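Note that chain A is present in both complexes that follow, paired respectively with chain B and with chain C.
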Partner chain A sequence: MTAPGTFVARYGIWIFGAVLLLIMPHVFTSSFALNLMSQMGVLIIFSLAYNMLLGQGGMLSFGHAIYFGLAGYFTIHYLNFVYDDIAPYIPVSLFPLLGGCVGLFFGTLVGYVSTRRAGTTFAMISLGFGEMVTALTLILVAIFNGEDGIQTDRVVGPEPLGISYGPNIEVYYLIAVWVLVAAAAMYALTKTPFGRMSNAVRDNPERTEFIGYNSQRIRWLAFALSSFFAGLAGSLHAINFEHVGFEQVSALTSGLVLFMAYIGGVGHFAGPVIGAVLITFLNGTLTTYTEAWQLYLGVLFVAVIMFFPGGLAGLIIMHQPIWRIDTRLLAPLTVPYLLFIGALLVSLIGFIGLVELLIYKTSRLGAAHDLTIFGITMDPSGVVPWISFAIVMAVGVYAIRKAFPVAAGAWNTAIDQARARAAQ
Partner chain B sequence: MNAALQLKDVHKSFGKTEIIRGVDLEIREGERHAVIGPNGAGKSTLYNLISGRFPVSSGAIRLRDQDITNRSAFEINRAGLCRSFQVTNLFHRMSVLDNVRCGALFSLGHKYAFWKFVSRQKDVAERADDILERIGLSGKRDWPAGMLSYADQRALELGVTIAGGGDVILLDEPTAGMSHSEIAQAVALIRRISTGKTLMIVEHDMGVVFDLADRISVLVYGEVIATGTPEEIRNSAQVKEAYLGTEAT
Partner chain C sequence: MESFIFALFNGVLYGMLLFMLASGLTLIFSMMGVLNFAHASFFMLGAYFAYSISTYVGFWPALIVAPLIVGVVGALVERYGLRPVHSYGHVAELLFTFGIAYVIEEIVKMIWGQVPVPYDIPESLNFTLFAWAGLDYSAYRVFMLLVSVGIFVALFALLTKTRIGLIIRAAVSDPTHVATLGHDVPTIFMWTFGFGCALAGVAGVLGGNVLGTEPAMALQLGPIVFVVIVVGGLGSLGGALIAALLIGIIQTMAIFYDFGINAALLAVGIEIDAAGMFRDFARITTAQASPVIPYLLLVLMLIFRPRGMFGTRDV
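Take a look at the complex of A and B:
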C-alpha cells in the first residue's frame, strides 16, 4: 500500500506545508512579517473550519465568529484565572483544545436550533445569533468588558521545555503546529462516513433521508465539529494578541471568514487556505497605504463571486484535467492569460486612482497639499488626475472585455485537446 | 401468504383535491408487483406516502409487522424499504462511487461515524464494487454523477436505491426515457436485483410489465380498480375500458 509513489502523492503536500511553516520565519524575519504569519495561521484554521459548513455541508453562516470569539474570551479569562491562582494550571500549548471545547459547546447548543433547516432559514438564524452574541458581549460588561474587551499575559506558570511564549516566534510555532494538526484532522474528517454524508446533504438533503439518514442530524454534527475548530482558532487568536474584544464575535469577523473561504474557493479543501493567506496579507500590508482597503476587499469579493465563483482554488483546479494529460498544453495559455492579467491591472490602477482621489477630496484633511498615488505626486484639485485615471480605467475595462474571451478561448482549446488526448 | 407491504384505506389530499382516494393494496412477500395507470393517477404520490416523503391524510400503511404510517423517511428506510425516484435524484457533485457508498453506509452500521475512513471499510468497498458491477458503471466510478448520461444516471439511481440492501424495493418508472436496448438491459438488471426480495414497480411499458410482474394493480384517479395476475388484468373488461383500451401499445 505504501509504495514510494503513493506516499509522496498522499503526504507530499503535507510535508511541503510543514517545511514551509518551519522555514518561513527564517525567510521573513521582521517582527511585522512574523505577526502577519501568525495571523495567517489562525485564520487558516478558522476559514477551514468555516468551509466545513459552507463548502462541505452547504450551510452559509453569517455568524460563525461567535465560536471563534467566545473561545477567545474564555482563553483570556482562563489565563487570568491561572495567573490569580483561581484555576488549575494547563500548559498554554494545550489551550487551543480547551478553546475547541468551548466552541463545540456553543456550536452544539446553537446548532441544535439553527441546523433544523438549511438554505435561507439557516443563514438568517446564523445572522440573528451573531447579532445576539455581539450585543451580549457589549451588555455583559462584567464578563466581556464592553468595547474595550479583555486582555491577559500569556506568560504564566512553569515553562515546559523552556517555552515561555514570551517571544512571538514561540507563539508562531505554536500556531504552526496547530495549523498542521487541525488541517490534517479536518481533511481526515472529509474522508469519514460523516464527511461523505455531509457532502451528500449539501448536494441533495432529501435523498439522504431515503438512504437512512436524518439530514438534520448530519448538519448539526457538521456545525458542532466546525465550531470546535473555530473555537480552536479563536483560542490561538487570543494567545497571539493577548486581547479579545467584541470585534472577534461580531459580523466583521464572520464576514471576513466568509470572504476568505469564498475568495479562496469553497469547492476545494485547500481553497480557504489560499483565501486566508491572501486576505490576511493584503489586510496587513494595504492598511498602511490606504483607508479604502475594506472597499477594495468588497470589490475583490464581488468580482470573484461574479466571474470566478469557484474562487482561486477553482481557477487552479479547472486546469487540472489539462496538466494531468500534458503540462505542455498549458504553454499556449501563457500569453492570453498575461494579456488578461495586464488588462485587469490597468483597470485596477484607474479604479484605485479614482477612489483615492475621491477619498482625498471628501476627507476633512483634504486641504491644499499634494497627493501621491503609485509614487506619482499630483495636485488633486485639478481635473487632470481625474481625467487621466478615468481614461486608464476605461482603457483597462475595454482591454478586459477584449482579453477575457481570448483567455477563455485558449482554455477551451487546451481542455479540448486534453480530452481528445485522453480519449485516444 | 404474508404481506410485505399493506395499505388500508389510504387517502391523500393536497389542499382540496383528493389525489389518493382510498387505496387498499397488499404486496406479498417475495413477489414482483407492478402498478400501472394513466399519468396523474397518483402512482408517484402513492410511493411518496409509503416511503414517508408525505404524510397520509388518513389510512394505515404496514411494512411486515410494523406500522409505518407517517413515520419519517429515514425510519422507514431503516426498516428495510428502499425506493427510487421517477426524476433522477442523486448527489450530483459527488463521484459515482461515493453515491453508491453513501447509499450503503447507514445500513452497514457506519452511520454518523467521524472516527473511521470510508475507504478502509471492507464491507463498504465490497458492497460498492458489487453494485457498480451490476449497474455497469465500474468504469465510470470516479465520474461526478452530474456528468453521466441520462441512461447512466438512471442506472445509478437504481444503484443508490439498492445499495442499502433493503428487501422491499419500490421503483418509480425505472425505464422512463430509455431506448429499446437500454430497456432490455434495465429489465434484466431489475430482475437480478429483486431476486429473493419484494419488488413494487411503476412502469408504463406494458412489455416490461407483463414480462416482469407476478401480479399487477391498476391505479386510476387515485383508486385501485383491479389487482390480479397479468392474465387476469389482460382479460379484465374493466381495466380495458379504464386504461388498457385507451393506451394500447
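Take a look at the complex of A and C:
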C-alpha cells in the first residue's frame, strides 16, 4: 500500500520544509535576513514545544520561558567551562541535546507539582514559578549576572568536520537541522498513544481516568517533554546570540511564545510554525518603521481570540474539506474574500494612521516638522489628518460588517456543495 | 518597638492597597470564573487618569472622577470584549484579559511615555501629621489608610446589608440559579466588573503617587494581587483582607528588617564559606527575597490547599 502518491502525501511537506530551510539563505543573503531566519528557527521549536502544552495538552502556561532561559544559561556556562578547561569538551552541534536535558530536568521537577490540575490552577502555578525564577536570576548574581546576563564565545575546542560555528551561516544550518529533527520528533509524538492520551486528557480528564489512565501522569509527561524541547530551543538561542539575559526567562518571553502559538493556531500542528515565522518576521522588520509594533501585536492577539480562535492555521484548515473534494469549489470564494480583505485593509489603514498620529503627538512634544504615514506627508498638528483617518477607519469597519456575512455565506455554500459531492 | 510599629503601619497600608485591588478581583473571579489578568492594568489606568486630571483641576476631583472613568472603561471591556469570548471557555477568557493587559500597557506607554510621570502627593496633604519616636507619619499615608478602611467598611455593608449586595452574593455562589429567578446575570456581571475595576482605579489614584506611576506598575502588582485572592480563598472578602494584610506586612517587614541567611546561620554557630557560583545562595537576604515570597506562597498554596485560607471551593 505504499503507492508513490501516499509517500508524497505523507512526507512531501517535510521534504518541502527541508528544501526550503536549505535554500532560504541563498535566496535572502543579507546578514539581517540570516539572523532573522535563525531566530525564526529557534522560535519555531520553542512555540511547537509550547503547543505540546497548550494545544495538545490543554495546559495554559504563563511561565514556559524558564526552561528556555535556564537551558540558555546552562549552555553559556558550559561553553565558558570548556573554554576554561573545567568541563569536558562536547561538540557544539550536540549542545541543544544538553540544553534539552536541562529543560527536562526542571520540567520534571516543576511538572510534578503543577500538573495535578489543568486550567486556571495550572496557569497560576506556572505564573508563580515564572516570576520566582525571574526574581532569582536578579538575586543570584554569580550564576545569572543580574540584568546584564552572561556571554560566551561559541567557537571553542576542535572543529569537527571543519565546522567552527564562527560564521553565522553555520549556526543557521545547525538551527535548521535541529528544527527538522525537533519538529519531526514532536510530530511523531502526537501520533503515539501518549499523544492521543494527551489530547484525551485535554478534552475530558474524567473519562480518561475511567478508562484507567492517570491524567496527572500524562500531563506530567507532556509537561516534561515540552520542557525538553523548550530547553533545546533555549540552547540554540544561546548559541545563536552568544548571550543570555533575564529577559529569556521572564514573562516577556513566556508571553511572546504564547502569542506566537495562539496567533498561529493551537488547534493544528503547523499553527505555531506559522505564528513563529510571521511574528518573528514582523518583529524584525516593523520595529524599524513604527514604535507601536508591540501595540499592534497585542491588538492582533486580542482580535484572534475574539474573532478567529482557531488562529491562522484554523482559517486555512476550515477550507480543507472543500479542497479535498474539488479545488474548483474554492473559486467562488475569491471575490467575497477579496472584498473582506479589502475592507480589513481599509480599516487597518485608518487605525494605524490614528495610532501613528497619537505616537507622534505624545513622543515628540512640540515637534514642528511634518509626519509621513503611508507615503503621505501631513501636518500632525492640524485636525485634518485625525478626521481623515477616523473616517477611513469608520468606513473600513462599516465595510467589514457588510463584507463578513457575504464571505461567511460563500464559505457555507462551498462547504455545503463539498458535502453534497462527498455524499454522492 | 517604635520602628516595628512604623513598619507595621506601612505594611498595613500596603496591604490595604492590595485589598482594594483584590476585593474587586475576587468578586469577579468567583462570579464569572474569570481570573482577570488586566485587573492591575485598571489600577494603573486609575493612577494615570488621576495624574492627567489633577494637572487641570487638582487631586480631589481626580479622586472621584478617575475611578468613575476606569469603571466605565472596565464595564465596556466586559460588555464588548469579554462577553463575546465567554462562549469559548475559561482559558480563552484568561487569554483575552492577558491580551487586554498587554494592550493597555502599550497604550499607556504611547500616551504618557516610558518614563514615570510626576504624579505627586497633593499639596494639601503633603505634611507630617505626627512624629513618633523620631519617625514621621505622613498625613497622606494616614489619609490613604482612612480611605481604604472606609472603602472596606462600605463594601462590606453594601454586600451584606443591601438588596444589590444580596443579589451579587447569590450570583457569586450560583449564577444559573440567580438567572432562573429572573435577574439579568450578564448585566450584573458587567456592573460588577466595572465596579471592581473602579475599586482598582481608586487604589491607583491613592497608590500611584506613593508607589510611582509608570508603565511597569501593572506588571509589578498584578501577579501579587492573584496571590492575595488565591491565598485568601476565592470569593472570600474576609480572606482577601487577611491575605492582603499578611502579604503587605511580610513584604514590608522583609525589607525593613533585612535578615541574611548568613547572619542567621552565624547566629547559631554555623559558618559557611561559600565560594564560586553558588555563593549567592548563602548571601540571600530577606530584602532581596521579598519579591519572591508572595509567589512562593502562591505556589505552595495551590499545591497543598487550592481553596486558600477561607475559600469554599478550589481554584
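Things to note:
The definition used in the following text is that the second predicted complex is superposed on the first by the 420 of 424 C-alpha atoms of A that agree within 3 Å, B and C clash if a C-alpha of one lies under 4 Å from a C-alpha of the other, contacts with A are read in each partner's own complex, and residues count from 1 in each chain.
As a convention for this text, a contact is a pair of C-beta atoms (placed from the backbone, for glycine too) under 8 Å apart; a residue touches a chain by one contact, two chains touch by 3 or more.
Quick caveat, the model's predicted, so the values are computed rather than measured.
In the superposition on chain A, A:218 makes contact with chain B only, not with chain C. Touch criterion not met for A:235: it reaches neither chain B nor chain C.
Chain A is touched at more residues by one of its partners, and among chain B and chain C that partner is C. Once the two complexes are laid over each other on the shared chain, residue contacts for A:248 go to neither chain B nor chain C.
Of the two partner chains, chain B is the only one that A:200 touches; chain C does not reach it. Contacts of A:189 after superposition: chain B is touched, whereas chain C is not reached. By the touch criterion defined above, A:262 reaches chain C but does not reach chain B.
By the touch criterion defined above, A:210 reaches chain B but does not reach chain C. Look at A:136: by the touch rule set out above, it reaches chain C but stays clear of chain B. Once chain A of one complex is fitted onto chain A of the other, the partner contacts of A:152 are absent, as it touches neither chain B nor chain C.
The intersection of chain A residues touching chain B with those touching chain C, taken from the two complexes, is empty. Looking at the complex, you find that chain C touches chain A at residues 33, 35, 81, 84-85, 88, 90-92, 94-96, 98-100, 102-103, 106-107, 110-113, 219, 223, 226-227, 230, 276-281, 284, 288-289, 291-292, 295-296, 298-299, 302-303, 306, 314-315.
Partner chain B is touched in their complex by these residues of chain A: 188-189, 191-197, 199-200, 202-204, 206-214, 217-218, 221, 225.
Those residues of chain B that touch chain A in the shared complex are 51-53, 72-74, 77-78, 82-83, 85, 89-94, 98, 101-103, 105-107, 110-119, 160-161, 163-164.
Of all residues in chain A, those touching chain C in their complex are 58, 60, 62, 77, 113-114, 116-117, 119-121, 123-125, 127-129, 131-132, 135-136, 139-143, 251, 255, 258, 262, 291-292, 294-295, 298-299, 301-302, 305-306, 309, 355, 358-359, 362-363.
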